[in-house]
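Both of the next two complexes hold chain A, though its partner changes from chain B to chain C.
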Partner chain A sequence: MEQICAALEPQFPCRETTIKTLGELIGNCEEAYPAAIYLFGHTGTGKSALTKAFLQQCRKQQKVRVAQLNAIECYTTKILLENVLDALAPQGAEETAKRADNMLEFVNELRRWHDQENNSSYLIAVDNAERLRDMDANVLPVLLRLQQLTSLNLCVLLVSQLPFEKYYNKTGLSEIITLHMAQYNKAETLRILSADFVHVQRQLLAGLSGNEKGLRKCEQAMTPEFYSNYLSLFLSVFYKACRDVPELKLTARKCFSIYIEPVLAGTIEATDVSRLWRHIAGPLRAALTQIYMRFDKPADELEQQSNESDQSVRKLAQSLELPYYGKYLLIASFLASHNSAKQDKRLFVKHHGKQKKRMQTVNAKAKTTDKMSTTLGPKSFSIDRLLAIFYAILEEKVGLTCNLLSQISTLVHLKLLSFVSGEQNIMDGSARLQCTVGLEFVLHIGKVVGFNVRQYLCDFM
Partner chain B sequence: MDPTISVSKGCFVYKNNATRAGKKTPAKRKHSSVLGQEITAQPFYSAYSECWQKLESHIAQLQHQSYSRTLEHLIEYVKKESVGIGDKDDEILPTAALLTGINQPDHLNQFETLTRRLHSENAARVCVLQSRDCSTLKAAVEAMVYNLIEAQSAGGALSAEELDCDEEIERDRKRLRRTQCTMKQLKAWYLNNFDTSQNRRALVIILPDFECFNTAVLQDFILILSAHSSSLPFVLVLGVATAMSAVHSTLPYHVSSKIKLRVFQTQPAPAGLNEMLDKVLLSPQYTFHLSGKAFKFLTYIFLYYDFSIQGFIQGFKYCLMEHYFGGNAYALCTDYSQALTRIKSLTHDDMETIRRLPSFRPYVEGINDCKRIIAVLTDDDYLKKKLPQLLRDCMLHFMLFRCSLEFFTELVHDLPRCPLGKLRRELYVNCLNKPITQQTEYKECWQMLGFLSKYEFVTKISKCIACTEQFISNDIEPLELGDACASSMRNQLKEIQQLLTNVVMATMETSGPAATAATAPLAGSTDLTHVASRHELKAQLLQRSKQDKEQQPTTEYAKALQLILQHIETHLVMKYLRPLQNAPPLHELYIFSDISTVRRNIIGAPRAALHTALNNPHFYMQCKCCELQDQSQLVSTLPDLSVVYKLHLECGRMINLFDWLQAFRSVLRASEDLNEDTQQEQIDPQIQARFTRAVAELQFLGYIKMSKRKTDHATRLTW
Partner chain C sequence: SRLAEGTPRRSIQLSNIVEQRIFKDDDVISTPKRSRAKISHSGEGDEDYTPKKSTQKTPTRSRRASTTTRPAKDSAPLTPSQKLKKIRAGELSPTIEQRLRPVDKSCKSQLQLAREQLHVSIIPKSLPCREKEFDNIYSFLEGKIQDECGGCMYVSGVPGTGKTATVTGVIRTLQHQVAQEKLTQFDFVEINGMRLTEPRQAYVQIYKQLTGKTLSWEHAHTLLEKRFTTPAPRRLTTVLLVDELDILCNRRQDVVYNLLDWPTKSAARLVVITIANTMDLPERLLMGKVTSRLGLTRLTFQPYTHKQLQEIVTARLGGSDAFKGEAVQLVARKVAAVSGDARRALDICRRATEIADMTEQSVATATKCVSILHVQQALAEMIASAKVQAIKNCSRLEQIFLQAVAAEVTRTGVEETTFMGVYTQVETIAAFMGAVVPAPGRALRLCSKLGAERLIICEHSRTDIFQKILLNVSADDIHYALRVEGNN
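Let's look at the complex of A and B:
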């Protein structure tokens, strides 16, 4: 057990307690394992990686048989069971593929192994264990009691992001040992990111190989203090927005090349922190808008990208290639979604008569200003109404052709419209759609085709 | 099977074993045309197929070029990723997002090209996964694994190095069932085939229609791929139709953190179309042309409806077929030398076709010798002798037209607000449709050209000349009649060049008449001091500004400028950029303008067709009984459904069934004698049955719905 812990601790800084607990529970294959362990915590806290490494160590040092699987992949129970059997099968056993169509066969197979050989231990780790709830009803209970059912020295590790309370069902589950992996705090994050120093240094040196002068300068400047200085600057910007360690690590690596650039060029001294900060502040803020997006771009495009993201909606609306009538259909669908059908006559018919202003309606309107239909979200509409509005807002006359109708389905495919109901019976006209784009977007589309959208919205009358 | 002239095709269902039998015997018939021998042997067909093949290969080559840049980057990316993946195990899936534009079917062949390229370079195994195959996660994974393994065996069969190896693969394929296609299977397969370090290959998964995927399935699918990416070098390629925000809104963080996105931008569809039009359709090397209207119609479908380049090409092909199908006379629409040989084989009927062309008449009227007129109209041999000259004139006209268009485009495309349009295609349409010099936009353009500064004007014109010169040497001269065209065009350019040097030499000094006028402002200024009223002042100012304007063209430069513009207008625009009406005789052989047929045939209008069928059955049935003088006429011999439909058109939103029945009965009985008064009260059960059936049919067609709110009423569903 000590060996395992010793091997893992440098690999996972700030996780000493968890490793110790795990080691105490399943670190020694001579002792009886607990039936099941539940490991949970947020993303990026090292659950899966830790489990994986721990199991590998167990396998290497104590010849424990381990099976690691991802519950997402197991879309049928059969795949789950066969994957487990494959991984756990004794070596040198007959080569025929293991078959287990259901739980019973699975448990029987394991029992047979128990009869054959006595003293081996088994570890099964299931990642994304929350998916087990959606599988056959017997999967989760059996996994939790697998030790008891097979009388092997076997432990099931479930890894998930949810607390175990979310698993309770009507039939109840047997007891499980839960281990929580808390999120790292700022100091811990800093420590973990600093561990990345060696990697960054190596990468930097590799990038500069061949350039003697740069290499020397780099070796001089690139010290652990310099890097941790950078990291504390970096975290001061990013820690509020993101606590996910892998994400931070990636972004830190990306931005570091910009940070060290003037030092390598010789324009700023490595010790001049304030000037370095002024240099890096802009790129860091730009990177903050890109976080979680995982754009993998060549460095020269990176800055250009950050400028573009400012006016994203306008940019999007202009860059979206839609045929002319497609744009009008989108506008028509927006109008249909955000006006009530009662108002259609007033909005779209030329001689709609005078509207009587009654005190009641005026009062009602005054009260409901905050309930503007553009802010309430889209309502559904039928295809007939969409076409009627389309023809009303389009000045020229176009035939109702296949090409036009197929535009509607194109818009649905592009997820600019979506079916609310009746997707199956478009033919009898009872299908209802809604428009999924926002007001700003449609305003820009309208500007492109020269159509004033606001003029036709009840809210702005 | 008898060869048939009709284009309709049959569709036959074969049981499974039949197709398998068919697979073993490779297709014997190389001739894949549905048309019979007697069509394909006709000269017009050979002219057509020759023309189409040339065009098609040209288009394909062009598209290949435009794809290739993005494709090159993508392939490079895939290769790089597949090499570098071995040493890291952070489960990050390299992903390339290809922003393709909204017409997804069009882009499928782009992905096919990518697949072919990757296979041919042995860089990767590719699997194209369509959203329709991936309704569930299970289906998605199975389809992916099956395609990857199958693609391998197909590729092996293609290379066909060793026969026994092939057989083994064949056996492999038989053993593989859909349910066995799991990730485990894939892993085993990959270990067997590729896991030595030298032939490590990436597994490329292409999702051509990213937006259509079910989000839940897609998320799980990506998670699975990323979980396996440490052992299997997956590269994901997404075809995104809208924008990158679609990717980010579909994938939540726990999924997107598993991928590494690289964005690739392809050429936008309108740009692709413009390129194709400029390089292929407007190229002088093809003798077939579209008239302005047909051209506009096809681009209109593209820009207003679907953005589909493929659709455009098919529409164009249809025009081409329609054109050549006009008869063997149209076989002359080919290269000049070939046309000369074809003239000999023309029959009397073909000559008659030529004589019936609308532009033949002005030609005949233009001849003032009576005998020759008769000879042209009656003697085939005489006309055949005349034809080469006519054809030559026609072809030369189109070439000169094209050269002048080049000049003209360069001249007006960057004027402010582009009154005539800035693209070659717009100008082409404008010039062919109407006499361009009479359009107000043209006049506006000319005025703006006059306002240009000397420097701007001179550079512009010299650029125009250079452009046209380049066009002539690149595109025109290699052609058959190119020399004749080039020489006459070069003469024009030379003259323009000469006039341009005049412009350059011209000074800004005002010449004689301006000097005499110089006294006038002096007089005006004295007047200005003692004006009586505001009105008077205004009038005087107006007059003075007019005087200024009159003085303007009196500078030497302005004169020279007017001269050159005048020259361009008369010698280039009026002479060569003539509209279709003034084109030389027999231009119909080269220009397709039958727009109404094309419109009827390539644009589907289901509602209009249904309306015609129901409103006027005679249109389709061609029977004698229901000929109508007037569209709204109701005749008892019409089919019941049609009568019911016509009656329902007269109603409002709600239709009372009883009234409808009465109207129906009265229509049917209009022809019968009215002496059956005894039955006035009682409705004939037969009539009622017919009525009920017709109403049910109408409901089936979706025109009405039985109302639930009001008893015995139907609701109209159309407006």
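Let's look at the complex of A and C:
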């Protein structure tokens, strides 16, 4: 057990307690394992990596058979069972076909190995264990009691992001040991990220090979203190938004090249933290808006792009090449989704008569900020209403051809519209549609065709 | 089909079961690579199952040589497919392993003898209190057999009122008459809806009982159709007993229709007696054409009254005085008040003998007797509900949770509560009682435990605080269990 812990601790800093607990539970294959262990925590806390490394160490150092699988991949029970059997099969049993159509055969197969070779231990790790709840009703209960059923020294590790209280089914489950992997705090995150120093330094030096002056400067400036200074600046911006270590690591590497640029160029001294901060603050904030997006772009472009927040929407709207009537149809569907049908007469009919101003409507309008339909989400509409609004907002009168109707279905295909109900009976008019694009997008499209969308939105009147 | 929900799909086939039952496991493994030891082992297994023992002439000789040189007719072990073929053809009769020696009858005590007599599976030669029904069925069947025509009869009654026993008793009497040559011969076929995996297997069973061969249901159906529709000289009357008729009713009702249509054919000479529990089954479940073929010859078995139950038990006991008179009467009255099920009464009597056996160790075995106290204890065990006991034995937090569910039901007035509302009640009650309030995660675990014990009915805990909870015990039970315990 000590050897395993010693091998893992440098690999996983700040996880000493978890490694120790795991080591105490399943570190020694001579001792009896617990029946099942449930390991849970947020994304990026190292659950899967830790279990994987732990199991590998167990396999290397002790006489343990190990199976690691991902429950997402096992979309039927049979796949799950045969994966486990494949991984756990003893040497002699490789050539015999390992088949398990159901749980009974699976358990029998495992029992048979017990008869063949004694004193062998087994560890099964199931990643994304929340999927086990969706499989056959007997999978999770059997896995939790597999040790008892097979009478092997066997432990099932379940890894997931949910707490175990989301797993209880109607017929009850047996006992399980739960281990929580808490998210790293700021100091721990800093420690983990600064372990990246060697890698970053090597990459920097490789990038500067050939540039003698830059190389010298870099060697001078690139010290662990310098890097950890950078990281604390980095975390002061990022830690509030994201504690996911892989994501932070990725972004920190990306932004470091911007940070060190003026130092290499010689404009700012490596010790002048406040000037460096002023230099990096902008790009860091820009990168903060791009987090979790994984755009593989140089940082300067990134910065430029994020200056205008709605740039991406505009780009998307421009890149989407819709035909003229298609654009009008999309606008019409947006109007149909975000205006109530009661207002249609006033908005789109030429001679709708005089509207009386009543106290009720004034009062209703006064407190509508939270009732704006653009924030509440789209309502559904029928195809008839869509076409009526389309003809109302389109100045020219086009014939209702099949091209026009097929454009509606194309918009549905492109997921700009979606069916809410009645997908089976589109033709009899009971199908309800919904517009799925946002206001920005429609405004851009309106600009392209020269149509003021705001003018026709009740929210903006 | 959706894989996620419900019980795992059944992938068991009859042939698999037959193989596992008839052959030892290693026997199923195919022949060519078998080691010598396995062969001799399977040879032993063989002898258990073949009716005619094949003597091994030369046990020392290598068996493999014998399988290759000799034709497989005599002592050579059969391959699994050969065995299956023989089973299908009905040439191998299924047997089970024999015990070494049954217990000697003379060393049994009076109570043990009474217990044996009281066993439900011991059916007396003549059922007491069913003489009228016996006469009814007897005259019907005798008339049909003598008239050489077909007909139907529908027998109904709640479980344990002696329907099947009476009908089989009539058949036995008729067969006795045949043996004494007072009646013409007849075939008797018996199927039970509950023993069939699906209604169409009825054809297979009927054909198997007529000829001994196992066929597919399509084949069996055509052969039966041919048998019952084409006239043949010297055809015997066939009496078909269909137990659990309601199981044979599928949506198309083709099996029931066929079974009831064949008697109407003049060539068939088929008498069908159908047994089911509900009195109005033909009107409620069966199609019009099936009901009309079932006819109006019906017989209803009423539940036993307490006098009849008393008579039945006394008749079982015979001359033995293992039971006190009032003990039997108590059983009869208690059972007759609930269901009038004779099986229930016999079970309770048997349990009472066991209790008497256990409690009175000191008394000499010959004079042991079941008194009214033993019967009361047995009744308490078998009739009294275990729910109050279960609630009493719950942990303190579980009891608080149950109280909270009951309180939430009283508060809202609706039977169905959500976890959220129950949890607020748990907080209140726990604070009131001075217990530590469990975190919602633990409360979910309590909830799922109570749900697994069926004290409440709850959903999967993935819908955590929005899961709906129903109380499966009555609120009075909770109150009773917890208040009485609190006083102690």
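Observations on the structure shown:
Operating definition for what follows: the second predicted complex is superposed on the first by the 409 of 461 C-alpha atoms of A that agree within 3 Å, B and C clash if a C-alpha of one lies under 4 Å from a C-alpha of the other, contacts with A are read in each partner's own complex, and residues count from 1 in each chain.
Convention: contacts are C-beta pairs under 8 Å (C-beta built on N, C-alpha and C of every residue); 3 or more make two chains touch, one makes a residue touch a chain.
The structure displayed is predicted, hence computed values, not measured ones.
When both complexes are superposed on chain A, chain B and chain C fit side by side without a clash. Looking at the shared chain after the overlay, A:L414 reaches chain B, while chain C stays out of its contact range. By the touch criterion defined above, A:R133 reaches chain C but does not reach chain B. Residue contacts after overlaying the shared chain place A:Y167 against chain C, while chain B stays out of touching range.
Of the two partner chains placed by superposition, chain B and chain C are both touched by A:T76. Within the superposed three-chain model, A:E321 lies in touch with chain B and out of touch with chain C [touch as defined at top]. For the three-chain arrangement built by superposition, the Cα-centre angle with chain A at its corner and chain B and chain C at its ends equals 110°, in steps of 10. Looking at the superposed arrangement, the partner reaching more residues of chain A, out of chain B and chain C, is B. Shared-chain residue A:A388: touches chain B; no touch with chain C.
Residue contacts after overlaying the shared chain place A:D196 against neither chain B nor chain C.
In the composite built from the two structures, the nearest CA pair linking chain B and chain C is 12 Å apart. Within chain A, the residues touched by chain B in the first complex and by chain C in the second are 76. Residues 76-77, 101-103, 133-138, 163-173 of chain A are the ones touching chain C in the complex.
Of all the residues in chain B, the ones that touch chain A in their complex are 90, 94, 101-102, 104, 136-138, 141, 182-184, 209, 211-212, 220, 223-224, 227, 241-243, 245-246, 248, 253-254, 256-257, 259-263, 268-270, 301-307, 603-608, 702, 705, 717, 719.
Of all residues in chain A, only 43-44, 70, 72-73, 75-76, 79, 82-83, 86, 127-128, 244, 246-247, 292-297, 312, 316, 319-326, 384, 388, 399-404, 406-407, 410, 413-416, 427-429 touch chain B in the complex they form. Within the complex formed with chain A, the residues of chain C that make contact are 3-8, 11, 440-442, 444-445, 447-449, 451-453, 458-462, 464.
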